Structure formats: structure tokens, C-alpha cells
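Following are the structures in question.
In the two assemblies presented below, chain A is common to both, partnered first by chain B and then by chain C.
Coming up: the complex of A and B.
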């Protein structure tokens, strides 16, 4: 066995050496940015299209590979104290901002304490335990935490927590600073020009701290508002890379058949979108957990994936996404069958004492649908049919976005709602908001609208957030998932898979878990 | 009546239209017998082509029977077309009759109101109405009514204006008949023929508006309609052409048939007009 491993290692090294040899410098990469970003200020907005551009310019302390492992970027190494309350980052030396100034630990301290913690949408949550940052020398940053915060180490990518130059932001109004549209970072590409309505152009940073990188001379993000024009641009090789379904699934499936175009679902594991049904767990027909479990049993998740999302998706098997496997937090649970089981669902309803009337109807209710396009309508139509089979007669309601948000998150005027949530790189960041009693926040979007409240679960969530020991954390989340598989205030349907369509000429752009929100530093044209 | 039918049947295409229209209505009436199940039911293998897996006209992405959808969609189309037209004609006659008969200030006031409605493009107006209210079949009927009645009002007003000074109306006045009786019993029956013609054409327009709304996703999500079928199938036109082609043909034939019938009615009511051509 040992022999074989070493043999494979040699082969792998040979290949690595080979491919390194094949990487070519030069060339321009044109890719789709859809829609046009509102600004380049990734430190105050998580808006998707900003993420497609800004991480090429700004860097984070870490990046993450496709297995979720840490890649050191601006940090050279890090260590966590045994009580989990002190995290020390050794920063890379010799890194320069695009304007020539040196990057130091002051930049990191300023970014986290004065920018991300105050102005970033998710920063206050990611860094909520950080009380202060010490900078004993210019290449050491020591984060002092109130409680251990293991999830913080999953939120240090260029997209989630970009490090920004202190000397350009200090003393300005952060929200309207000039830097917002003229980004200056440490990344592989420098911002050159943003032609509104057309493109944003970035050129190679010749003084990049990684010698020999980036390979590309120029990166151009094009804005094309019309979906079929985007597909055509991809088809005729005008653009080489299109992420986040910029090319619609239906076209991607067709383009995939060509030799020069490929499609991948990698690069979205840090976003982790999961399609689900939220229930009103407090009042109405779905307040009984047995009904919610019956619904979960009846739904054919694979059918929805195959026929509505063109095969791109993965049946949910727990309250947590399978993308949490590398961190050991995911555990497979019963009650989430991939294939629907109508008979068991009916039996469960019968045993719960919810009997059908003369017309075979047990429950009448309205199903609200997330108003984000046709796919979700189809999902609603499917659910109406399949739940009709177990005696839950649904009427569909499809409203405009503000009305819908108001209904679900302000007025709680719903009983059942189809939605999708980003679970983000750690459950504390993306999942807790859905279940905690403290997350019943009237008027805040995408939090606990079910108004499910369970003190046992609350305690587990609190300890899950602060537990530094990985094994203990695994145990805590297993219990959390067991409770959620039993009570199901939310029925997870499937993990959505966004698509990246790319021209096979483009290589080396697929190594980060952040996918399109990563840097292109190792991308090259063949 | 016989003479009317004789004039109508002289127009071959009108008779053809009538036959088609009859078939569509028949399909709507018997839809519940030939396809007793819910047309939204997942009836079998998704994306089956016509004639396979027991689907006469194929199935859509979720495995719904396209033929069942067309049969039940006929019901929706005919129902919405008739209800909206009846409501629009009713409102239009009231507005037009009052404005045309009394003239003066009443005429000015009513016609200004009518113009407000006429200046907004009707389909955009219908979208607006449905979008701000909950998309349901009642709201769609109301929206189509609201955008269609001004044309009837204009027409009726014109007829009333020209008829109110005729001798037979003046005779009614001298006999001491009250206004409402003169309007309802004497003038209205004399101007019904153009109203019937415009009404028949409005049914076709109503069907088109409903299909357009459903295509844009503004239809009642719980009711099967042709426009909905086309909207739901348009993304896979390249891989499953039958999903939107057949409902499209259904709309085309129905609207064409109604227009032919309308033209036939026009000719039959105004025989001299036809001879002039």
C-alpha cells in the first residue's frame, strides 16, 4: 500500500511539473459580469457582481481550495491559542499596494475594526467576537476574541473580507470614499478603467508578490444585459468565462456538448445555496411538526432537480449542506428522501390524526413562491401536485419581491413559502439565522421567519458558535441536525448548483472554493 | 332572422369561422369529460414528444399533458373572453348612452373620463392593473374590462347622438315617454348591431390579452391557460417544440375564427356596406 502511494505521488509530481511548464504568460481574458456592479466597494457590499471583479484587485488573508482547505494569501501562517480566544496571523512580507505603499498589519487591523466590523453586511457577524487587534510589529496581527469563533477562519477570503488600504480610507467617510470606484488593492490585477454599461478593465500587477504571477496581461469584465446575447458571446468565443448562471441553464446544457466549452458546478461551496420550504411553525396547519415531516417525505427531490433545474442540484439530506463535509459538521439525516414516498407520507399524516375529508383533502393552504423567476414557479406547480396527492391542497401565490418580502419577514402572513438561502462557509454565518430564537427579527430579511423557538436548540447553536474543539463541534452540530430533522421548521429541498460556463482555452481558473469570486492569479490561456 | 342567416352564410369564411368557434366551445364544454383530471397533474414522463407515452400532443417539463392543458385552457379563454366582453359592453353602453343622449356637460364629463382610459396603451394598462393587484382570474377579467370598455362607449355615444334627433324619438317625446324608457326601448335596439360586431371582436382581443398576461407570468397561477402553457414552454422551444407550439396554434385559430365571425356579422348587419365593396 505504502509503495503504491509513493508511486502515485511521483506520478502526481510529474504531472504538476509538466503542467507548470505548459502555463503561458500573456493574453487578455474577457469574461461576463452579470449584472453590472453598483460599485467596486467590496468592503461595504456583498452584491454578487462586485464579487466577480473586486477579488481580482483586493486580497484576503486566506483563500480556500475546492476541498475547503485554507490557502494562505496575505497571511503567511496563523495560530489559534488553546482557549480559542487569541488568533495570531503572521503576515506576508514585501507586499505592496498598487500605489506603491507597503502592506502592513495596520491595514489588517484597520480593515477589520474600522471597516468590515462596522460597514460590511456580514462583517459584524463574522467578526462579532473580535474585541481588539494588536499589532506588535508590522507583520503580525493578533485578534483578541471575547469567545472562540472558529467560523471566523472561514470568512477571510478576498470576497468575504477584503483587506483594504488604511492610508486611503482613514479619515474619510468610508461609505462614500473615493476608493469605492477606484479600487487600490494588493491583488494580481490593477484597476484601470470602468466604462459604464460596457466593461471594466484590469491590468497585470507587475509587482505582484507571487513571482511570475499573474499569467494574464489583462482581464476585462464585460456587462451584457441580454441573456441570449450573453449565450451568443460565449458561443462564438468572444468571452471565455461566465459564472453565476450568466449563461442560463438551458443554454449551458446545449453549449456543454461543444468541444471548446465546458460547464462546472465547482466554485460555489462557500456560497452554499439551498432551496427550501419555510413553514409558519407558530400557527396554522403546519404548526404540527408531523405535517412538515410528511411533506418532506412526499417530495421527490430528484424529480425537481432533473426536470426544473436541468439536473443541476443535489438532494438535501439534512438541515446542513453536504458542502460542510470537509469541516466535519455535516451529518446525513433520515426524513429527507431523494425520491418521494407518498405512502409513508400519508401514513404519517394518518397517525398524526389528520384525516382526509370526503374529497380526500386533509389541509387547504396557500403556498407562497419566491418571485425570482420561472424555475420557482415550476417548483411551486410541482409541489402543488405532489402535496395534493397526500391530501394537502395548495393554492399558489406569486407576488412581486417587495410584497413577498413584506408578507414573509415583516407580517408573517404566510403558512408555507418556497425560498432559497445561502448557507455560506460556516453554519454560524448562514444557518443559525434560520433557526435561533434570537433570529426571530421582525422586519429583517432572510432570518427565522418560521418563528420556530426551541431552547434546547438555542443552547446548542450558542455552543456550536463558540466551541473551538473540532470534534466537540461535530457532535454539537450532529445534535442540531437531529433536532431539525425531527422538528423541520424548514424543509430543505436541494442544494442549488450554479453553473460556470467556460471556454476550455482558459485554464487554471478553477482552483478556489470561491470560484468566480476568486482572483484569476493562476489563470492562463492555452 | 332567416334573411340575416342567409346574408351571413353568403360569407364562406364567416361560416368557416363559426364552425371552428363552435368546435373550440365544444372542446371547452367537454374538457371535464375527456380530461377529467387536473390539467396541472404530473401525468407521466416529462418532455415526451407528441404521440409517445400516451400523450397525444406530448408533455411539458413536469410531465403535464399538453392536450389536457389545451382543452382546459379553452375553458379559461372562452370564459374570460365572454365575461370581460359582457362587462365591457355593459359599462360602455351606460357611459355612451348617457353621454350621447344628454350631451352638454354630461357628455363632456363622461368623455373626458373615457379619454383618460383611452390614452393609456391597453395592454400596458392591463399589465399594470394585474401587477398591482393579486393575479387571479377575477382581477384579470376586471383588468380586461377596464381596458376594453372605452371603445364601446365611443361607439354607442355616436349612435345615440345620431339617433336622438330622429322623428321616431321625437314622437316618443311627444307621447310623454320618460328618458330611460326612450334610451332602453327605442334607441338602444337600433344601435345594437354595431355593438354586437365590436363585441364579437372584443372577445378575440380579450383572449389575446389574457394569453399575453399569462405568458408574462401575470396569469392566475392556479388556472390552466394557453398563454401560461406557452410561457412555461418557451425556454425549451429548441428541445421540446410541442409545448408552446400547440397552445400557440390554439390561440391563433380561435382568434382568427372569432374575427371571421365578427366580419360575417358586420356584413350581415350592414348588407349595403358589403354590396358597396
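Coming up: the complex of A and C.
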């Protein structure tokens, strides 16, 4: 009998365990990381799931608030010279790496010049104008630029450009360094354990440079492969935070009716995802810009958002996302109707001399779909139907990730492909790669797979990257958007709104524009 | 020659026979897997965003993927012979470490499922056969039919909805409560608690199979001459059922269970995925999509060895269940 009592006591404790984190400070935050990351090396990979974990460990020079304003993190202040070619960062004093060594300007110089600029997927682009970094003292880093690089200051978050410890990387092979799976940073949480297939555990950094922070004792990222189970775990309170649609929209709209669960679309403006169709602009049925324009006209963007993405999204109105409005680069363009216009699409095809045959079919083609979930399959089914209405008969092809990547970016063996791209905090970082002639890079993923090439556009892109004057920059990007609205090597569909589903018990985790890719240093459980 | 040495010699011979089979499995898998488009570097680079072709070529050289296929195969075979399963570049860990890490959860789930399914399957089949054509038989048969016909993932999700979300008796998923990080006996209880739903879900399907098999097998044995003889010499019905019929009726169930151990490793992908159970099935599934071929080949190798060993064990169990069966 005694044994039985102790057994039930333990079971009772287990249940109490789920509600045990109801304290002001301290406690454990369990959140969803989906899928399991390939490594923790955020300095050589921008893979999404790494971003969910690594920025709690590593920090950047800046963070950004929800309005895009700079929050100083490892930098205390910064100044840009009048010609825009020298950027000086004053670094924070008294910051220690998790192994006890001091953080200095040498770490910043080493990270940018020897790691990010060489091995990071986007670093060579973000820091391409940086020729050298001077470190006159241990808390000053002076970036010397070839040309002004206004976009660089938007790419200094912990996710985009994590600062890594020089003493652990210098002299090693950066790509296979031990640090990759055993991260050591300056951030609010220390890496403790990564149990493959289960979780990654981070504990509070007691020597964090911001006094009193972080509030949480422990942060655990859980890997749950099945979407319905993720929803159930959220519903049950076993996990408190799920970003990047880890809880799918179809469940999120149901869960948000509950008192203890909320949903937000904040925290994705620096990522800035846009759903789109890439075309083979070089050969095949879509080499003619008029056909691509007709497709853009026919699609009912609002219908896709409402019926496939549960109302989360904004119709695209240009090659640039409306998230570029605050920086003045966005301009609204024709040829992107929110509601489809079948009649004008047909008229456009007729005038281009692409006539229907006896069955009403003008073009037969295969539509490839990005293999990132059911939503994209449904998007494909809708496109098949609507483009069938204007005489473009599509067959859908859905493959696994490696096969699809190889087809689109290596073999160029496609004519039309549904995809989504991150436009990132500046067009130079996220948009140029899609259109420039220099971005036709066989075997490189997520660049100009359309193989569209236009020397006029190339010149505009080049001057847009180095123009320091904001008004002139606005003009340049207006022209760029005009050319892209006319030629449409890529048809933008809509601005995706990813969802973060969270338990209302979790507070203080929503102040950064990086959202789930931020540090959680101010997060606490109520 | 005594019976035990005979059995031992038989086991040793069977093990030697298994070597060419396992080798053939390795070679076949190797070529099958390499027929898939794309490789581990494509996936890594795809996840990382934009990576330069030079960087990707460098990775391929590092992983040995730039070598011609026959060379890659020879290198792999050479490693296998020295009991080295190779290196998973994706996980940056030796394959053997990864597999051992995930083997225990799979074994735990597999053993508890087999025990539960075989025991209850035999019990229910026995009950149904004894109570042939009564309401008990009907209930058991309908139950078996329904559980057999229901998709596993749906059963799993319904279990979660009923027992985790509504009743809150069990956690939804995972193997341990990771907010708590228990140790010692508490951890054992915690893991057992997490094991309940996946085990029941996975065993329901097999339970149905064994129930039906056991029932049919019992009925067949009842019609045999030796039962008539036993009745004629006046044995009580209990003795006939438990002393003679049951023992003979068990043989097909044991055979089936043996065959299915192999299938269970693969079949548990669904249950592992629904309950986020960190087992081998999930690892294999993920490595396929990541084109982590070394890891995948390692898992296949271990599975094939496991199937060979389990079948051997089943053959040996036969001898004990039915002394008439001789090993040779």
C-alpha cells in the first residue's frame, strides 16, 4: 500500500510539473523548434531552426524594435562619417563570453572579416563594401568601406550577423569547428545540452552583462515532428511559444479563441517573406513577358490569402514588399491586382498572339511547388484552376527538398515554380539576388533561377546598393520596380504573414522585430 | 550430440549464412539511395540560404561525395568490415553514436508493444475461440476488426485528444518531461508515463492481428485428431485447451511476431512522429530527406541485423514450444 501511495504522489507531482512555472521570475520556458536544426552554427548558416535557438546564445551589435529602430546590444553607440565610408562602433565594456574570457573589438573584427564575410551565406553581401576593420582600442571597431553601404546597418542582429568568439575559432577550420555544435556566446542563455530528436536545453547566463536579466532560469527548445501533436502540446500548456507556423494556421485560428492562447503576426518584418512564382525567363512557354504579366493579372491574390492562408497575408503590389515603406523604397505598381482579372489576362494573351486551340488550351506546362507543406500544395491547386481559366493548363509537381532544389537551382529543369523568398530588411540583402545578372549562379540556391538578365536593371541595382542619399535611393528603386512590374521574371503573389502562437503566461518576448529570432532576455512567465 | 550443442551449432551456422545477406542488403541500399536526386550538401546549402558553388564543392570534397560511386561503396564496405559505421556530416557525429542514442527509445517502444500486443492478442484470441459464436466472440472480433482497420496516426491523435487534452492523464508527446529534467527513479516513472500512449497506439494494430490469428489457429487445432483422441480418453476440456490446443496454436502467432519485429522498426515512424518519440524510425525518416546516406545506411544495416537475429531467436523458440521440430 505504501508503494502505491508513493507512486501516485509522483504522478501527482508530474501534473503539478506542468503548472509549476507560475512564478514571476525564474522558471523554464519550453518552446517549439521546428524542424530540428542541422547545427548551432548560426555564423555559417541562416537556416530557420538555427535562428530559433542560436540568438539566445550569441548576440549581435544591434537588435531592432518592432518599428525597425536600432536597439544597441553589443554596440553601445555608432556613428557614420559624412561620406558614408567610415562606420564607428563603440562597444560595450565588461561583456564576457560564456567561458569567462572578455569580449573585445578583436572579436568583432575577426567575426566580420574572417567568418561572416567568408562563410556566412549572406555575409559576403551584407559586408561586401567592408575593406578592413580598425581596432584602436579594445572597445572601438571602425569599419572602413569602399562605398557607402546603408543596408549594412540593417543586418547587424544576432540572427543575421552573430558575433562569435575569436579565441575559439582562430586557427581552426571555421566550417567544422567544435563551436558549431557547442556554441559559446555572450547572450543571456548558455548552451547546455542538445538531445537529438528531443530538445536543446539552454540555461540562464548568471554573468549576463544586463543586470537582473534574463528572467528565465532555463529555455528549452522542443522538436515535435507532427503538426497536430504540436498543436496539442500548445493546447495542453506543455509548450508556451510556437513561431514560424509550427502550429499551422488551420489550428492557430481555433486556438486563438481560447483565453490562454494568443496569436501575433509581429516579429517577421526583418525576414519579410513574400510568396511568388519564379519563371524560366530564358526558354519555354514563359519566356515571353506578356504571358507572365497575364498570369499576374489572372490570379486572385486575396482569394489565396483568405482561403488557403486563413486570412494571414497581404496581396503583393510590387516587386518590393510594403515592409519597405518606412525606408521609402516601396512604390505601388500596376499589374498586381488584388482581385484577379480574367478578362484582361485573356485579352493580353490574345494580343500577344498566344491563341487557344480547339480545347481552349493555349499553353501546357508543369508547375513545381515548394515542398514546405500542405499550404503550398493547395496554392498549386488553386493556380492550376485559375490559370486553366485563361487557357494555361498546368500539371502539378511536388518533390522532396533536395530533388526540388537541384531541379530549380542547379539543372534549371523547370518552367514555373511556386516559392517564397525572404526580402530581408533591405532590398540589397534580399531582393537583388533574385534579379541581377551577376546572381545567375548555377548550383547556388535562392538566387536568380529565372536567368533573367537586363543590363539597365543591373546598373540600377548597382547604384541602389551604394547610394547614401535616401531620396535618390527612393528614385532608383522606383525605376527598378517599374522595370520588374513590366518584365516580371518573378510574379509576386502576396506578403506572407507567419504566425507566432503563444501562451499568454509568457510575457516580454515580443519587443524585437526579429521575433522568435531574438534573445528572450526579457521574457518572463506570469 | 546433445540437444543444446546441436542448437548452438545451428545458431552459429545461421549467423554465418547471414553475412552475405547483410552485405547484399548494404550494396543494394547503397545504390538505391544514391539514385535519389540531390545530396546532403544540397540540403545543407538549401537550408542555409545562399551558399556559393565553391563552398558546396568544398563540402562535397570533405564529405567524400566527389568520389565516383564504386569508390564510395568500397570505402563504406571497408569501414563496415572494421565495424565503423561512418560519420554523419549533417549531425557532425559518428553514425554509431547517433544510432545507439536513438536505439534505446525504439527498443523500449518495440519491446513494450510486442509484449502488450502478443499477450493481449493471445488472451483475446483464446477467449474468442473458447466462447465461439457467443456475444463475447462477437465483441472481440468486432474490436479486432475496428482496430485493424483504423489508421495508426488517427488512433494516436485521438489518444492525445482524449487522454492528454481532455482528461490530462498523460503528456501529449516526447519521452521525458523536459521542463523538469528528472533523475533516477523519478526519471524512470516519467519515461513510463510518456511511454503509455505510444505503446497502446502501436500495439492496437498488432493486437488485432494476433487476436484474429490466435482465434483461427485455436479453431483449427480443435478440429485435429489429437483433440478427438484426448476427448475420447476422457481428458477434461480445460486440460485439452491449455495443455494441448493452446501450445500448438501459439506457433503461428510467434512466427508472425518474429516477422513483424522488423516491420515494427519501420512501422513505428508514424507513431514516433505523432508522439515525438525520439526513435530510429524518425531518425531514418529525417535522414532520408536530408540525404544523410551514411546514417541511413547505418540504420538499415542495424535493422537488417536485427531482423536476422530475431528470426533466429524465433526459430529457436519453436524447438521449445514444439519438441517435434528439430534444428538441423
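Structure notes:
The working rule: the second predicted complex is superposed on the first by the 495 of 526 C-alpha atoms of A that agree within 3 Å, B and C clash if a C-alpha of one lies under 4 Å from a C-alpha of the other, contacts with A are read in each partner's own complex, and residues count from 1 in each chain.
Just so we're on the same page, contacts are C-beta pairs under 8 Å (C-beta built on N, C-alpha and C of every residue); 3 or more make two chains touch, one makes a residue touch a chain.
All of these numbers come straight from a predicted model, not from anything done at the bench.
Of the two partner chains placed around the shared chain by superposition, neither chain B nor chain C is touched by A:71.
Applying the stated contact rule after C-alpha superposition, one finds that A:307 touches chain B and leaves chain C untouched.
By the document's definition of touching, neither partner reaches A:470: not chain B, not chain C.
Once the two complexes are laid over each other on the shared chain, residue contacts for A:343 go to neither chain B nor chain C.
Of the two partner chains, chain C is the only one touched by A:433; chain B is not.
Note on chain A: of its two partners chain C and chain B, the one contacting more of its residues is C.
When the two structures are aligned on the shared chain, A:381 is found in touch with chain B, with no touch to chain C. Contacts of A:400 after superposition: both chain B and chain C are touched. Using the contact criterion defined above for the overlaid structures, shared-chain residue A:361 touches neither chain B nor chain C, since it reaches no partner. Of the residues of chain A, those at positions 399-400 touch chain B in one of the two structures and chain C in the other.
Chain B makes touch with chain A in their complex at residues 38, 40-42, 46-47, 61-63, 131, 134-135, 217, 221-222, 231-232, 235-236, 238-239. Within the complex formed with chain A, the residues of chain C that make contact are 36-39, 42-53, 55-56, 58-59, 62, 90-93, 98, 101-102, 105, 153, 157, 160-161, 164-165, 168, 171-181, 186, 189-190, 193, 272-276, 278-279, 282-283, 286, 289-291.
Per the touch definition, chain A reaches chain C in the complex via residues 7, 10-11, 14-15, 17-18, 20-21, 28, 30, 35-36, 38-39, 44-48, 119, 121-122, 124, 175-176, 180-181, 195-199, 201, 220, 222-226, 228-229, 232-233, 235-236, 238, 399-403, 405-407, 410, 433, 441-447.
Residue ranges of chain A in contact with chain B, taken from their complex: 248, 250, 254, 306-308, 369, 374, 377-378, 380-382, 384-386, 388, 395-400.
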